[in-house]
Structures are given as structure tokens and as C-alpha cells.
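So, here come the structures, one by one.
There are two complexes below, and they share subunit A, which is joined by subunit B in the first and by subunit C in the second.
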Partner chain A sequence: MFADFGFGVLVITFLLSLYGISAALIGHFKKKQAWVESARLSMLLTFPLLTLGALTLIYLLVTNDFTVKFVYDVISFDMPLYLKITALWGGQSGSLLFWSWLMAAFATAVTLRKWDRDREFLPWVVIVSCVTIAFFLGLNIFFENPFAHFWVSVSGEIFPATFQPANARLVTLDEIGNGTGLNPLLRHPGMIIHPPMLYLGFVAFVIPFAFALAALVTGRTDDRWIRLTRRWTLIAWLFLSLGLVLGGRWAYDVLGWGGYWGWDPVEIAAFMPWLTGTAFLHSVMIQEKRGMLKHWNMILIILTYALVIFGTFLTRSGVLSSVHAFAQSAIGPSFFIFIGVTFVISVALLIYRWAELKSEGQMQSMFSREALFLLNNLLFMGILVVCFWGVISPLISELLTNQKVTVGPPYYERAAGPLFGALLLLMGIAPLSAWGHTTLKNLAAQSNLQLEKRYALAIARLLWKPAVPALLVLIGLFASGIRDIYALIGLTLAALTTSITAYEFWRAARARSRAQQENFFVALWRLAGRNRRRYGGYTIHLGVVLMALGIIGIEMFQTQTQKSMAVGENIQISGYTLRYDSLAQFPSEDGRQVTRAVLSVFDKNGALLGELHPRYDVYPSGEPMTIPGVRSTLADDLYVVLVNWEGVSEQTTPFKIYHNPLVNWLWLGAFVFIFGTLIAAWPDEERETIPAQARSTQAAFQPGD
Partner chain B sequence: MKKLFSILLFVTLFAAAWTSKAAAQDPQPPSDDDVNRVARQLFCPVCENTPLDVCPTEACRQWRALIREKLAAGWSDEQIKQYFVEQYGARVLSEPPRQGWYWAFYLIPVVLLLLGVYILYRAFTSMRQPLSESAQVEAAPESPAAVETQGQQDYLRRVEEELKKRN
Partner chain C sequence: MSQSPRIKFILGGLLILGAVIYLIASSTQANAQYFMTVDELQAKGASIVGKNVRISGAVLGDSIQYNPQSLTLQFTVAHVSGDNAEIEKNGGLAEVLHQAVVDTNRAHLQVVYNGPKPDLMRNEAQAIMTGKMGEDGIFYADELLLKCPTRYEQAVPEQSQQGN
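Now for the complex of A and B:
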């Protein structure tokens, strides 16, 4: 009866979050601090309670309790323990529970912070978080109960239901037998880490949104909400980025199409909140430093929240069938209504406060930091439009004309490619904006040209030194025979961005090492420590450039060939020769039937480089899984797929071979990227000493504000 | 004689043309790479969002076999794609065809992007207006209360700035 206990916990948490919403509302409108405190405590309890609920489900999974429908759907006896645990998010209802659980973790963490200065935000942060948790728990309770049992009716029919139907009895384990087991594509170590990262990224963005709404409702329209959530936003963004990269790596490892990103609607669903989130991370800096773009930041965070829910909706509702749509159900309409209602309320609040969110600063010039950041935002929004349109237009077409259309990679590559290129360029000149207009003005002071021209001139002066290596790279690429114009532009931009960023690090560190008499590397370290956000940001940019290198490599220089070979035959690709040596079939320990080929790889001169072992496994359920054999170096990947679906026999075995240049830089770049984000998000030590003074100055304004 | 010669000429030319055409049509059976080249541009209606060249289902295998047949019969890539469109509709293509209503699909994102550029331009110009102008207009009817709140706001802002430095 563990399942009933779990369901009870869900219901109690659901009621508790509803209570939290009511208490916060009463506390806010009646100005009663006790009610707000009660609301805070109820939100504090959501995480421990849902932990209990999630652990109950994990217990049922680990103990193979197949009388529970969810367990039956995602587990079988032969699965290893780690997959049984991760199966928690391997199916619809479990992953919704997992979503609420993580959301509750963040909500609880927020309740534990010091609220002294921001009491007025508290009820609204509680309301937004609890509404979100209650919505997801509601889905679990009313539509997709992970704790539903199997029952046997009088006629002997087995069916699932939450409560015992009339004349039915609980099914016994013997009647059920073995469960179906997890989809083979999900039986991968990536399953441990990719979905949790993505979900953490999703739910963590709810926190800045909650503070934004709190700021709108309470009318505290300064940038306090942004300062409070800066680190939350960075963490959310880090998780979401990690989720995306890990998803790409997983696809590369198991899907066997030779790529990491297929512009599948479900991938895009996770990418869209990342786009608005990234734009938000940049544009909030302008509000913090100059008091501008207040409306825009609100719009961005509202969009991000809507896209987070929309992304979950796309993945969970089965509205778009795609390779990721493992789970389909009838929860679509509730999602749709929830997105609509929260979006309309947020926008209405924003319009209500529109006049109060007036800009405090003004634009200095087209080359100022503000202008560059606005341009950056435009590009991110452009990519968002491309993505959003690509995802919804098949639906629109189906609605209007009853004809579905496919929107595939060519559309996205053509439309988003130039925008990504422009972003790369913008990222390159970003460090220039850090100098601010005064430095530039001084640099341009001598000439009495028009303001814009003076800026342009000053930028040219700053730019020429780092531009030299980029030009050398361009010449080198051209000399090595690369004539693809987009590849030349892309790689040159990558070189330019790297050299400007490196130059910026070098300049600043050298200046510091001279002024402070420090060793250059010590100076570099301390410099990054003093302005973590800026230098963390630059490090992230370097990571992105490395990733761009990998993407350019695989997107523009990938070659592939397919051939059916007999043992002993050769196949050539991009200077490599692969010899098909042998094929073996054997059962694995957990009951899979493995078919594994051995190929020897030789380079141009005929030297043996190693062996590759592409294979495919057939699970006891009959589902096949193709696992490529990959030889990975910094220069390129050789990626061999055993094309089992074309029919494999002793005489002839079809192989598909991809040559993916530079793709490893994509994964390496991701590490630099993570490192940079950690630099930017690392907590400051001295931070805790401030509040004492802050409180005393702030107290004077507390009552009326 | 002359007539016979012209008939002979005609026959030989015809035969030559025939054989050369046959030779051009069937030099060798299409390779897997040829099949994949066409398949990559097609999506079967069942396995949505999986290009035909990497789709493992039986239906897609048959489609690829069909492509191979058509290639062997001398069809061009475009003809084969057209054939599938006629059989199964425009959704087999990797993007909507550029005709009729489908143009809206291509135009709408461009219009939205241009709109974005326009909004950005407006933002630039409006933000470059000196703040003092608008501030003066608003500050004109100054009551003592307003002065007081103004002073308070200034102080608050200074406090905030001080805090920012420490943050």
C-alpha cells in the first residue's frame, strides 16, 4: 500500500500549496505578517513532502512493484538499478512528479534566504511558486497519477485506476508478470544526468520570474528584483545549458544519425527558454548599471517562464510527434490554459506598471554598451522567432488546411545560421563595450568628426591588433584550400572573437601585474576574482567560440558514405580506409542479443590507427538499439554505424560512415563554458558583511515603500 | 542508291542515339550514397522529424528501395521528390514548397524580424533623446510635497548606488 501513501502525499502537498497561495493573498491584502509567514512555512514544507512522494515512487520502482501501472510501464526485472531509479523520469506521470519535486526544491531554497530587506516580495514569490507547483501536482492527481494500481474486474480484465473500482480486486504480482521496461533509447547513462539538468534549468527560471511578478505587483520597480535573482538566473541558465549540451552528446552517442542536434521540435522546445534566458542575462546588466530597459527585462522573464511551461507542454503533451515524444497523453488542454492564463496575467501586470518602469538613463551612442546589448537581444529574439515559427507552423498548417508540413533542418540552418554568425561577431566586440563610452571618447577626442564616426574610429584603433591574428587565420584557411564562404566567415569570426577576448584578458592582467607588482598569472587570477561577472562572461564567450568551432566543423565539413561490405572489403572516406574484419553475434548478460562488427582503421599512408566496434543490440522486447563505433580525436571523429535496418547477413553488412571534423571542440567548449559560468556565479565572501549597514540605511524607508 | 544511303544513315544514327541513351541511362546501379542523397531530403509521414536516410523503420526501408528503383530507371532527384509529393503530399519535403499559400510560411518570420529591427531603431532614437527635456516637463508644477519626495528619491538612489558598489 506504499502507492496509496505516495498518492496521499501528493494530495496533501497539493492542498498545502493551495493553502500557501491563500495565506499569502490574505497576508498581502490584510497586511498581516503572520499570514505571510504561514505561507512561507507551507512553501518550505513542499520540498520535504514531495521528497517523500518521489522516494515512495523510487521505492516502488526499485522493488519491481508491477501492480503499479507506472512501474509496469517503465521497468522490467532485467534493468540495472541505476536505470530503475532514473526511470522515475522515464515516463509521463513520473516526470511530472519529478518536475514538481525539483520545483519544490528551489521554492524551499528561496524561503530559506534572508528576507529582511524584501519582505514585500515574499507573499508574491510564494504565490507564483506555489501556483506552479500546484499546477503540476494537479496534473499528477487528476490526469496522470504515477501511483495508479492495476485492478482485476469480475470478468478478469486488468485495467489501471487510482481508486478501487466496484467489484474489482487488486492485481497480484503473478498475474502481471514482468514489466515492459524502459524504451531502449533511454537505457543510457545520459538518462541519469540529461533530464535532471534540463528540468533543473526549467524550474530554476521560475524563481526570477516569481521575483519579477512580485516587483510588478508591489510596485517596487527599481532593480532590486534583478539583484536578488542574479545568481538564481545564472544557475538556472547553467543547468539549462548543461541539459542542452548533454542532450546533444546523448543523441550523438545513441541515435546513430551522426549528429548531435536535429532541429527536432522537442530540442527546440528546450532551446527557446534558453534563448530568452540568455538575452535576459545580458540585458539585466544594462538595467543594473544604467537603469534602462526595465520594460524589456520584464518582457524577457515573462517570455522565459511561458516558454519553460511551453517546452514542458511540447515534451509532455505529445502535441508534436517526434523522436522525443515517448510519452503522450491528454493533459494538453490544461497546459494550454495554464500557459495562456499566466501569460495574460503577467502581461496585464506589466501594462499596469508600464509608466512606473521608466528608463533612467539614455543612450550614449550607437556604439555604446547599451546599443551592443540591444543588438544582442535583437539577435536572440530573431533566433527565437525562427525557432518558434518553425515549431508551430506545422500545427497552424494542420489547423487551417488539414495538411501537415514538415519544417526540417534546411529551414533552421538557413534562417538561424546568419543570426548565429552575427552573434559570434557581437560576442567578439563585446569586450570593447566594457571600456565604456568615456574611454572611447578620450580615444576619439582629438578628431572633431561627428560623434558616431569618432566612436567608429576609436573602435577601429582598439580592434586592429587582435584583428591581425584573425586575418592570419583567414589567410591560412584560404591557403589550405577552404573555399566555402560561410565556413571562412565562421572560422574567421571565431578567431577574431578569441583573439579580442584573449587580448582583453592579457591587457588587463598585464596592467594589473605592473601596477601591483604581481606575477602575471597571479594578476590574471585576482583580476578575474575582482570582477567575476565580467571575466566569467568572457570565459563563457571563449567556451562558446570553441563550441562554434565544433559546430562549424560538423555542419559544414561533414562527409558520409554508405556501403554494403563483405568481410575483408575496404571503404574510403576523407583520407581514411576502413577494413571490415569480422562480425560476431552473442547474448549479453542482461538478455540482449548483440551483433558487433570489427573494422580496422588505416590512415592515408596505410598505418593502422585502431579498431572500431559498431554494434546493435536487440532487447528482449524485440526493440533494437544501434550503437556507433567512434574514433575521436581533436581533429575529427570517425563515426561508424552498423545499418541493421537494411538487413545484416554474414555475406554483406551495410555500414554508414560519417567523418565529423572538429566536433570534439563542441564538447570541450562546453567545459570552458561551465567553468566560466561557475566563475560568474561563485558566491562572494564579503557579501554577508553588507546587510548590517544596508539594513540600517534601508529601515528608514521601509514602512511607506 | 541515294535513297538507300539515306535510310542507312537514318538507321545508324537512330541506333547510335538509342545505344548512347541507354548507356547514359544505366551506367551502373545507384550506390547507397546516391540513395541517401535523395532520401536525406525526404521525410516519411509516419516517422515525423526523422529524415528518411537515417530512419530505421520498415516503411522507410521500402521508400529507400523505391528511390533506388527510380534512380536505376534514370529518374532525376527532383523527379523522385515530385513523385513522393504527388503520392503523399507536401509534408514529405524537408520544408514547405515555395508556392501558393506556403509563401506565408517564408514571409512571416522575415516580417517579424523586420518588425524587430524597426522596434530596435525606435528604441535607439527614443533613448537617445536627452532625459532632461522630459524631466523638465514633468517637474514643472512643483509642490512642496513633490520636492520632498524628490529629495527622498534622490537619497534613496544614492543609497542604492552605494549598495551597488558594495555588491
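Now for the complex of A and C:
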């Protein structure tokens, strides 16, 4: 029985991770290296074992074994093979197994690194990772078993259970028939890669957290743990960012409401660890460079871990399901206890080591690089608090007043908008502060101004040149008739940040090309290669600015209209004219009943720009799906939805039309963003080879000794 | 002026903290939505007119009237409990919705919504509406979400059936 085999694998992996925890504890406290090594090996095995478990479930999915409840819930005969495989994360219990599997991949990878210089961290990294894996496997084993069968009782009732109940027999395939099939909304490329990306981001953040706790327990509280996990953190952050963007793209393509982000608690649940993770990425640099913000970094990584689990909890437990369509489950309390216990232990450790994490320096000026980084952190925390309050306010108000009060998207936009704007400005100034430091020295000689004023002056000196294009942009926007104050501020800030960043690239590359007698572009390339982290970071910032452009465009300038049209009728929106040409109904290859409208798009002068094909598909199971027709350019998107085919009279068809300016920059910016992260995270050959060289020279000496 | 730099950072931090608290408090005030059941809404009477309310109810299939020309949708919902535990106790959401529709003694609420009729608008669907109560006792919905619990066991983000 494959399903029983799969369940067995889960149980064995669960016991193995418990063993790993015990062995690591013994190894640490008895100072026995052999036990630690045994713990390492047991963690090494988690990934191969869970791969076996996941493959078993995939096998059951691919072979349509509907006697297994999970398979019955997420697939049907008519689904294509790739969807049957990706249905692994299409339901509650499967997605939990998937989570553990990815977690195990990172855990196993971390056991394979060179540990010689960081032996003391090893047992604690094993413990944190194994505790996390064991918790998620425990959920699978005790509450949500993806390998549970259907059974038939004596009275003929069909019900799911893990083990054979008394007087029941296994259901036969004939009795079950066809499975329910995956929700059509989830049958989309964006939905296929969005959950894995998000989960990868979630689980990868466990690794830096594990090292942070190891540092706290062992008392090796210098920045070693941060240097070790820098790349892990970047990768985790990249995956999490990708997951969020892909989720937005999926919503835009599939949900047919003209937007990409609805401030749904479930979305926010994934956004919150991203906020703390981003703050963490920035503030660790200050610890590395200046030895400051040590407590703060610990707090951030502890929060990130808690929010990762909390995010999984919100989406998986059904705590908010009174209004949100998410699966009900018994796993809620377990999550709650797990988050509470891990959080309390982490904070207790932090307090225990508080004195040892003393700052090595003190901040001098409000305009210094350190202070700007701290400000950036505070803004991220501010957005986090806004989000957290928004998510929990219904629960709190119900507790206090017995009246459930919630807040919608306007709350988030109004409260978080100014903070995002401030971050955008800060992103622009950030590169200047690096220069500010050196310019300060020059300035210091010739002036006896106060420190603050000198810093401010230094930044102002560097700011004015890049500020000119931004000012021109502002004038241009104003001249073109835009009067919305928030839009003007946002777009000007975007222009300012872009021009400062470009100026920074240009200035540094020109200096290098003069000094080294290199071609400008060669200089630019080598410059970025030498200081990947800085220039990768600036590239990420450029990506974010482009994304901000798209967000400002759709949030502030979106227009929409709706109309029931007869064939041949026109509708106007934002200078475009759409003509409704025809409507056709036909079955598709995979059994969907497709209703497809054809609309011609004309510009202001009446020139034909193209056709749009909004669709309304009904799956064999009766579930409908609305697929918008989109004409996408760099300037704007025309987004047409064929609404509600069912209740339409014969003569007219209702359409909903959105005009989304600039939204494409959101997706383009994401590519720049990924590129920048890859630059920053690319392995540094020089640094990695130093230990290797040291070892080889050692080896070379030995025979001669 | 080399007063302790600490002071100015603490002041700066407090300033940001204050700004964040102000943003949260004022935005919550301005955008608060009250979750209510049909019973609770009708108990409030005139005091709730004009406030942002989020309400859920079971759709009565016979009451659905839709004008595709003007895109006006009218329907009536019956009271259902807002308490999850109670819903579970009474046999799950599908069963509770069915009971609500069948039971003629339940409180009913008339709803008007301007926009296309959502796909899931049918008998015994759960309608989650955001909008305001009019003085005429009719609920004017700005936003309409629908759930059909018998169909969807899977997680579906709420915008899936959203109309504006």
C-alpha cells in the first residue's frame, strides 16, 4: 500500500528529527563530538526521506488513487499531468508536507557546509531546524494526514481515516468515482510557482534564525552568525519577494477584478515576514561595518521567524475564516502554542545575552549612514505594526467590545502610504550618505559648523545635481494636468531616487574609468563586481522604484467603467474606444465550456490597435473562471472582463473595463529586483577560497614535518 | 553643541512612533467596518444608518432580481450566525445556510447592489456584503462576496468573487 508507506516515511522522519534534537542536546552538554556528528547525519537524512514521502504522494496523485482522501480532494481524471503533480500543494495536508519537504531541503543543505570554524553552532542549528521540521511533520501525522484513506462502514457510509477503523473496509475505486478536482482558480502558472516560492522564502528564513539562536546559546555573539547567513538571508528574501510578486500577478491574471493586491489578511500574512526580513537585511550591514544594532538584529530575526510561522498559521488554521474562505482545521491551537513557546524561548535567550550584545559604537549624527539605516528599520517596523493591527483588530475588538470591527484596504493605504513614501525618499538618499561620510571629512577642515549641519550640508551638496531631473519631472507632471498631491509626491520621489542612483553609478564608474584608464562600461562592470553588495543593493532599489511607479499608476490613476453592450456597440475609456464585435461559445479540449467575446480596440484617432478576448470558462465540475482580456503596453493596460455570462439577456453582454496606467512597470521592476538580488548574493570567489587555501598549504606541509 | 546624542535619537524615535500611532489610530477610525449579523443590524435600528457595515447572510434564491441593462442586483438574505463554533455545531456552513433559507421565521434583509451579478449568486450561497444601511431599511452594498461552501473546500482568496 503506497499510502501506508508514505505515512510510515513521515513517522520515521518525525522520529528521526526528534532523535536529532536529543543527540544534539547530548552532544552539546556532554561535549561529545560524536553525538553532534550523529545529530548532523540525522538532519542530513531528513531531505532524502521526505523526498520519498513527497514522491509517494505525487505517485498517488499521478495514478489517480481516489481512495486517498487528499487525492480525491485536489485532482480529477481530466486534469493534465503537470497539474496533478503541482496539486501536491493544492490542499491543506499536502501543502504542509510540501512545507516540511522544502524545510528539509534547506536543513540538509546546511549540514553539508564546512563546519570546521563553527563547530559550536552546529548542535543548535540542528536543534532549531529539527524542531521546526518535527512540528510540521507532527501536524501531518496527528491532524492532517495527506495519506488518509477512505473507508466504508458497515452501514455503507464513506469516511476518511488514517488507520482501518473497526468493522470498516477500504473503499474501492468504483465506489469513489472521480475526484473533486483542483479549484480552477488555482489552475494557473502563477499559482503553480507562487506557493513554492513563498514557502521557499518562509523556510529559508529558518536558517538565519537557527544561527542566531546558536549564537545566543553559545555566547559567540560577534557578527560571525550574520556573516555566515548573509547569503541564506538574501536567498530567503528573494524567494519571499518573488512569491509575493507572483501572487500579485496571479490575482491580476485570474481573479478578474483589475487589481493585484487586496490587503487580504492572507496576503498580509506573507507580507509581514518580508517586512521584518527586509529590515533585517539592512540593519545587519550596520552590525558588520560598525558593530552597532546587535540587539535589534536579534529582535528582527526572532520576529521574522515568528511571523513566518504565524503566516503559515493564518493561512492554514482558519482563525480568520469567519469572513475569509480558508480551510477549517484543528491545527490552530498547535500553531499558537508553537509560536508562543519558540518566541518566549528566543526572547529569554536574548535577554540572557543582552549585556554581551553591547554596541561597539555610538551614533553621531541624524544624517549618518547608521542613523538613516535605523530610520529605514523604524519605517519598516511602522508598516509592520500597521499590518499587524489591521489583521488582529477584528479579534481584539471582538474580545474587548463583543463587536467585531474590521478595517479594509483604505485603512492600509492611508496608514501605510506615507510610510512607503518615506521609504522611497530614504532609498534615494541612502547612496548619498556613503559619500556624505567622505565629503564630511573634506568639509570638516574648512568649517566649524556643528556636526548635524555639516552632515546635512554634505548631503545637500550631493543632492542638488540629481534633484534637477526630479524637479523637471515634477514640473512636467504638473504641466500635464496632474493635481493629485500624493501622486505628484510619489512620482517625484521615484524620479529623484532613480536619478540619484543613476548618478551614483555614473559618478563611481567615471571615477574608475579615469583612474584605471578603462572604457566606461568596463569600469561600470568591474565596479559592480568589486562591490557586489552595494551595487546589487542599488540595482534592487532601482527595481523597487520601477515597481513603485507601477503601483502609483494603478492605485492612483486607475479608471473603470461597466456597460451591457449589444454587438456593434462602443464604449469609451481613457481615450480608447472598444467595440464589441462578437461572442462565441465552444467546448475546449479539456472539457471546459468557453464563452469568448471579441472586442476591437481603437485609439483616439480611430486607428485599430488590436483585439481583446475576455473569456468566461465553466469547468466540467461547474466551477466558473473569468479570464480577462488584457492589452498590455509600457504606458498602460486595458483590462476587460466578461462578467457573469449566466444571467445575461440574449441581446446584450455585460463588460467591466479597467484602464490601469503604468502597471507593467510593476512586473518589469520585479525583474530588475531579481537581477539586483542575484548580483548581491552571487558567491564571492575570493572570500570563499581563503579557508581552502589555508587548508591546502597545511596539507602540503604535513608530509615534510 | 555636544549634548548627549542619545537624547536626539530618542526624541526622533518617539516622533516616528507618534506618527505611526497617529496614522494607525486615525485610519482605523476613518475606515472601521462593523461586522454584524442580520439580527444585530436590525436591532441597532436607526443608529447604524450611514455607518460602514460588513454583514453576512444566506441568499434566498427566489428573491434574486437582476437587471443586466442597468446592472442592478436586488436580493434578500436571511440571518445566519456569525459564530464559527456555532456554525460547526449545527452541521457546517452548508447546512446552516440551508436552514436559514428554509426557516421562514428568520430575520430577512433586502439588499441592493450596483454591478454585474457574480457567478456564485444563487440560492443558499453565503453573501458577505460591505456597505451602508439606508434609511429605507434596505442595505446598499458596495462590495459583494459570495461563498458556496458545498462547492469549495479549497482555499479561495476572497477577491475571487469580488465586485466593486
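In the analysis below, the second predicted complex is superposed on the first by the 674 of 705 C-alpha atoms of A that agree within 3 Å, B and C clash if a C-alpha of one lies under 4 Å from a C-alpha of the other, contacts with A are read in each partner's own complex, and residues count from 1 in each chain.
FYI, a residue touches a chain if its C-beta (ideal position, glycine included) is under 8 Å from a C-beta of that chain, and two chains touch if they have at least 3 such contacts.
Owing to the predicted nature of the structure, the values given are computational and were not obtained by experimental measurement.
After superposition onto subunit A, the modelled positions of subunit B and subunit C overlap sterically. Contacts of A:Glu288 after superposition: subunit B is touched, whereas subunit C is not reached.
Looking at the shared chain after the overlay, A:Leu185 reaches subunit C, while subunit B stays out of its contact range. Legend: residue contacts after superposition of the two complexes on their common chain; A:Thr539 is shown touching neither subunit B nor subunit C. Once chain A of one complex is fitted onto chain A of the other, the partner contacts of A:Asp222 are limited to subunit B, with no touch recorded for subunit C.
When the two complexes are overlaid on their common chain A, residue A:Thr561 makes contact with subunit B while staying clear of subunit C.
Of the two partner chains, neither subunit B nor subunit C is touched by A:Thr278. Contacts of A:Trp389 after superposition on the shared chain: both subunit B and subunit C are touched. By the touch criterion defined above, A:Ser346 lies against neither subunit B nor subunit C after alignment on the C-alpha atoms of chain A.
In the superposed pair of complexes, A:Gly91 makes contact with subunit C only, with no contact to subunit B. The contact surfaces that subunit B and subunit C form on subunit A in the two complexes overlap at residues 257, 262, 264, 321-323, 362-363, 366, 371, 374-375, 378, 382, 385-386, 389, 393, 403-408, 410-411, 415, 560, 562, 564, 624, 626, 644, 646, 654, 656. Taken together, the subunit A residues at the contact with subunit C in this complex read 73-74, 90-92, 180, 182-183, 185-186, 251, 255, 257, 259, 262, 264, 266-267, 315, 318, 321-328, 362-366, 371, 374-375, 378-379, 382, 385-386, 389, 393-394, 403-408, 410-412, 414-416, 418-419, 450-451, 560, 562, 564, 622-624, 626, 643-644, 646-649, 652, 654, 656.
By the touch rule above, subunit C contacts subunit A in their complex via residues 1-2, 5-6, 8-9, 12-13, 16-17, 19-20, 23-24, 26-28, 30-36, 54, 56, 66, 68-69, 71, 82-84, 88, 115-119, 121, 128, 130, 147, 151-160, 162-164.
Chain contact summary for the complex, subunit B toward subunit A: residues 31-33, 35-36, 43, 45, 48-51, 54-58, 60-61, 89-96, 101-102, 105, 108-109, 112-113, 116-117, 120, 123-124, 127-131, 152, 156, 159-160, 162-164, 166-167.
Contact residues on subunit A toward subunit B in their complex (touch as defined above): 222, 227, 256-258, 262, 264-265, 288, 292, 320-323, 359-363, 366, 370-371, 374-375, 378, 381-382, 385-386, 389, 393, 397, 401, 403-411, 415, 560-564, 624, 626, 644-646, 654, 656, 687, 690, 694, 697-698, 701.
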